Amino acid sequence: MTDAALAPAAGRSKGRGVALIAVGLVLLAVAPFVVYPIFVMKLLCFALFAAAFNLLLGYAGLLSFGHAAFFGGAAYFTAHAVKEWGLTPELGVLVGVAGASALGLAVGFLAIRRQGIYFAMITLALAQMFFFFCLQAKFTHGEDGIQGVPRGHLFGVIDLNQPLAMYGFVAVVFLAGMVAIHRITESPFGMILKSIRENERRATSLGISVGSYKLAAFVMSAALAGLAGATKALVFQFATLTDVGWQMSGEVILMTLLGGIGTMIGPVVGAAIVTALENYLATSDFPPTIVIGVAFMLCVLAFRRGVVGELLATRWGKRLAGRGED
Amino acid sequence: MTEAPLAPPPSNSTLQPSSRGTKPVAQALLKVRGLNAWYGESHALHGVDLDVASGETVTLLGRNGVGKTTTLRAIMGILPKRTGSVRLNGREMIGTPLHKVAAAGLGFVPEERGIFASLTVEENLTLPPVVAAGGFTVEELYALFPNLKERRRSAGTQLSGGEQQMLAIARVLRTGVTLLLLDEPTEGLAPVIVDRIGEIILEMKRRGMTVLLVEQNFRFASRVADRFYVMDHGQIVDGFAAAELPDRMDRLKEALGV
Amino acid sequence: MTMVFGVPLQALLGQLLVGLINGSFYALLSLGLAIIFGLLRIINFAHGAQYMLGAFVAYLLLAYAGIGYWGALILAPLIVGLAGAAIERLALSRLYDLDPLYGLLFTFGLALAIEGSFRYVYGSAGQPYAVPQALTGARNLGFMVLPNYRGWVVVASLAICVATWLAIEKTKFGAYLRAATENPTLVRAFGVNVPLLLTFTYGLGAALAGLAGVMAAPIYQVSPLMGSNIIIVVFAVVVVGGMGSILGAVVTGYMLGLCEGLTKVFYPEASNIVIFVIMAIVLLIRPAGLFGRTA
Amino acid sequence: QVSDNKVKIGILNDQSGVYADFGGKWSYEAAKMAVEDFGGKVLDMPIEVVTADHQNKPDIASNIARQWYDTGQVDAIMELTTSSVALAVQGLSKEKKKINLVTGAATTELTGKQCSPYGFHWAYDTNALAVGTGGALVKAGGDSWFFLTADYAFGYSLEAQTTKFLTSNGGKVVGSVRHPLSNADFSSFLLQAQSSGAKVIGLANAGLDTANAIKQASEFGIVAGGQRLAALLFTLAEVHGLGLEAAQGLSLTEGFYWDRDDASRAFGKRFFERTKRMPNMIQAGTYSGVTHYLKAIARAGTDDTEKVAEAMRAMPVDDVFAKGGIVAKNGRMIHDMYLMEVKKPEESKQPWDYFKVLATVPGDQAYIKPSESGCPLAQ
Amino acid sequence: MTMDAPGSEIVLSCRGLRKDFAGFTAVNDVDLDLRHGEIHAMIGPNGAGKTTVFNLLTKFLQPTKGRITLLGQDITKTSPSKVARMGLARSFQISATFPHLTVLENVRVALQRPNGLAHQFWRPMSALDRLNARALELIELVGLKDARNRPAADLSYGRKRALEIATTLALDPKALLLDEPMAGMGHEDVAVVSAIVRDVARTRAVLMVEHNLKVVADLCDRVTVLQRGEILVSGDYATVSRDERVRVAYLGAGHD
């Protein structure tokens, strides 16, 4: 039994995958010279956030309506660590990720007891509790937020105040995050997650402790969302309440939905669309909330597969994904 | 192993294809032709043909899982996907919205009885809207089923299995439908209740109602039915009148796996 | 003076009454939410927006048509309910076969769009709306001075909750609703137009939210933001009560109003978290909620 | 000496969110009015005003500000509603050596620890509100207070600053209660305030919270019962949204009122014609800030940031908004504030006729002394 | 398959098993012993409580009363996944596959955990390739080799049942509980699955629910008839089918 015979489709898509990754890398390298760098950095942070969220929704089938807590929470932790404790940026990011993971563990422990909409409601309520905590805690400075966070020197040597250095750092974090997400979804663990999403009872009957796997996925997703939030705090040099509010949780859902749930690049595309839209709407005459609300409704009614999903469903897309021939 | 479970009945079956099909029935109240039905992607009915004449009681026989329930559901239209033709009094029912089917004269007693837990016995009984005159009144039904009267204020699902079955039948009798689809009305019931239900069906027949019955309890079926159909693999494989029953007994036994 | 944990009994009674008034709004709102969830399996995220809509319609009726509070009490819920019914027909009815999450996401977008539109047109500071003439003034209850309008809110909302509960538990229409919740297909097979029933139900839920909005208009500032602030609390109420349980939603609404009221006396800083804390505890002990049916 | 041969001012604020009524799109209108009144040109170069809605998101604000500065040829950014945005943009402007002028945010941090040589704070701040409402009201007899304080940093600082001024003026605080942010129902807190017997109930909160508290206080007959309500951050636009019926008797402090003198009335009338509303202190302050910035360019003969900032500090502010205002080293524009009382419905003679001026608080009392502000520039 | 213990060893047993659902007793006082190397059938009318007994034994439901032991250990309070790891595997009455995974992946998922390949999130998917040989062996056993790369959802009902059996066998369980494994299968398939069950039962204890009495008669060493949650009678097929009560309750009066 040769492996090639077993998975011919996988082999074909691998080649295309490499090509896609190459295109992505080139885009990443060129972007700051074409588009405004801070915008690209913001986009990358949100793209990573959406991809982390999608790890949970698209691969474990869990809709969290409270992911902003991890994103914004990590931003606070990192900002505080860097500004008040004087940690180097990489350590600051680590603190943010650790904080988000701990938070994820606590929220996840309660939330995974229920499924579906119940899960969504519980995450929403718990995230809201965290929002109130951030509002009142001293270290977050209420509605001022933690401002003027120094970017500092990476490993004490690379000065992140240089825009290109900062961009490089964000790009590396983004790539590392995406690689991690890819690795997790395409791993033995990811296979178990998929099986749980497909049929939880069956998975249980095969001896899989469904709860622990879901919790692990939840914590991983929270940690990666935290990585995105921590990085964003360094990019913008502040951490504020907007990133922990439930509107942000809604926004990341929109990004994922718009791009395509359960695909690797969907959330990235969705994040790009939403961030660009928000930026564009800021100086246009269209009220942003209305446009975003309507986009949400249209997505749910008309393109539930999202931009990437709909593209993949076309013949050209199927070919690209290497599934067209069967 | 072959891919298609849709294969025709195995050739070693005692039921020859020649015996398949139906004898035409004079002025059929219900005329089913080429009925196909699916559950998701699984194809459950493969072209069912059957007729039921007005005032007749017809029983559908067959082993577990051959598609008897599915046939009733497909006639009623409570399946996501069906094709073919179902004519009631000449009127095509495929394409009719489900909530208009009752008004056309079809009543359904599901296999799982469908008693509503959050409704009392009386609410359950009076739930289906009356669609035509000539149905039983609530008082008549209470007279027929004294147990129900006694427990009219209890929640529907607190009833015993037998009482639930009575309630499910009584519920439809009130509405004045002309054709009743009964799915295994004797399942899990004590013999004395089975007897009672038999009497009720005979009484309904006397009142001129038409019944299409699915039944595993062969003895019960042979007591009430005018005609029989036998199903296998989602198709009608045999059909005969009650009078022919004794001659067919041996073949039937094998076909039904009993 | 009698003291309870260092608080005068009289003051405590007053606070309990105030908690009850708040609970009235929670109960009204969670009632509609529970009805919609119970039958349609949709988490109606737009419920807060519909509540706001009720208050705004009342304001607009007054400002542009000269129709006062009492007229608005009938008309506004009707208008909000009809708008809800239209939404159900046009959009939500297409989502029933899908994962319930899509209903949640759709109504989330709807809420954003409605609130955004009102903010765009009317700003966020809000609009004035006065207490109706007949209910101005206050009454001294001995332990507190109760504004007449507040008294009316408690009585009216209690009446509406009881009436809705009775209508659902004791009438033929309610029997259809409850039966359709359990087995919509069979109820349809009996000849009941369930799709219409669903449209009506969503309209009813929305109308209840609108009614709560009209009742709130003289007390709370009529602002596009008024709904988004309360909706999450109401979600928590429904989760604690047991999703889909109508009685649970109403009872929990009043109960949490009281709990919140007490917290405002003893530890006001926690009064917005107390509901979520209760929710977390309830979920740990009884995952299906206090009145939820299945475990 | 003007960069890109034009002077470009960006008005960045919330135009669709929670603070849309504070300054909103009307601040943009005020800025355009200022440019028109200035003649549309400075140093013979055209003046342009652009605007953006930051949706209350500091990251969007920061992103737009960067783009404006780096590629949009914007020379100064103004308005900047909400403190998280104002602080973020001020930090950025400092780094980019560009001028920013805040009218929409309240935090004293802007001219305190986080001050900038190019950052100006124009219309008001929490300290001025506290002095105006706290200090002046005590002198008017309101010497015992009960606070309803929003439970977060903004509320605490309002309460603390007000307390400082009212105690130093002989008043005392008899109690306070902290309420959650975005709390719809205040009756419980109002009952506590009512039974405390305090003469003044201070509302250390903002926006919808304040509006709801006032509306419900009127319902519970608090003002009718002899207690006074003092809103620490509340403007004309919000009184308009509340209606006089509910708001009557309320005390509040603003840096501007359109019906104060002939000049302000004329300005108010012109503003009303354009926007169908009377200006509050944020909109009038934006008008004043834009005007002062343009005057400074004219005086410096360049739009070079350092020189303009220097000129802005060097000139007194004398316009419809402020008389004899001083721009301190820490960027604080020091001007008089006004303690107002909201009229009874029967006292109001025309639309937007809402306030009586109870007292004028001199600028040097209203604002923190620059040397005590904690700003390194003013040491 | 290494165990070759004598056929009398009791693998799974329960005593006084009872399950109440809100005021209604679905299973009452059921005692069962499953022995190594034996095929035990459970029959009874619909709603008699057979599936409920399965759910109780596999801990998908918590019994109201009674005790369950697996390989001498009390598992009355153990979680379902733990019980599965201890060697108790089951199939479901409503076919239970992972519809969007391929046939190969379906079986591999079952092999992952026993081979320590369940929680590695840092390793690539190719780490699972070493399970392919065993997975294919099982797939071939149930005759699904030609469909190994197709999603399970594409299979016909009967072939899904076959896949489910392969997946269940992948756990190499000590006790195997099959809920109507032949339901929805064609005649030949029934024969194939019967052969598989007979084969695997030599080294395991098997409990199966089956309405196909021919299969029960051919395959099973012992038959328990359940009615209204209670055991009506238990014994070999000949004894049971002769029992008058069974004929009334289950076989029907027409049965000879």
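Details
In order of appearance the chains are A, B, C, D and E, and numbering begins at 1 in each one.
In this section, contacts are C-beta pairs under 8 Å (C-beta built on N, C-alpha and C of every residue); 3 or more make two chains touch, one makes a residue touch a chain.
This structure is a prediction, so every number in the text was calculated from the model and none was measured.
Listed by label, the chains that touch chain B and also chain E number zero. With chains reduced to the mean position of their C-alpha atoms, the one farthest from chain E is D. The interface with the greater count of contacting C-beta pairs, when B-C is set against A-E, is A-E. For the pair chain D and chain E, the distance between C-alpha centroids works out to 74 Å.
Chain C and chain E have Cα centroids separated by 49 Å. Taking each chain's centre as the mean of its C-alpha atoms, chain A lies 34 Å from chain C.
Averaged Cα coordinates give chain A a centre that lies 38 Å from the centre of chain D. Among the residues of chain E, none is found touching two or more other chains.
Touching of two or more other chains is recorded for residues 16-17, 151, 180-181 of chain D. Only residues 36, 38-39, 42, 132, 135-136, 138, 141-145, 147-148, 232, 236-238, 240-243, 278-279, 281-283, 287-289 of chain A touch chain D when the two sit together in their complex.
Taken together, the chain C residues at the contact with chain D in this complex read 11, 14-15, 18-19, 21-22, 116, 119-120, 123-131, 138, 144-145, 147, 149-150, 218-221, 223, 225-226, 229-230, 261, 264-265, 268-269, 271-273. Taken together, the chain A residues at the contact with chain C in this complex read 63, 110, 113-114, 116-118, 120-122, 124-126, 128-129, 132, 136, 246, 250, 253-254, 257, 287-297, 299-301, 304.
Remark: chain E residues 58, 60, 79-82, 84-85, 89-90, 92, 96-101, 104-105, 108-110, 112-114, 117-129, 132-133, 136, 148-149, 167, 171 touch chain A in the complex. Chain B meets chain C in the complex at residues 76-78, 98-103, 108, 110, 114, 116-119, 123, 126-129, 131, 175.
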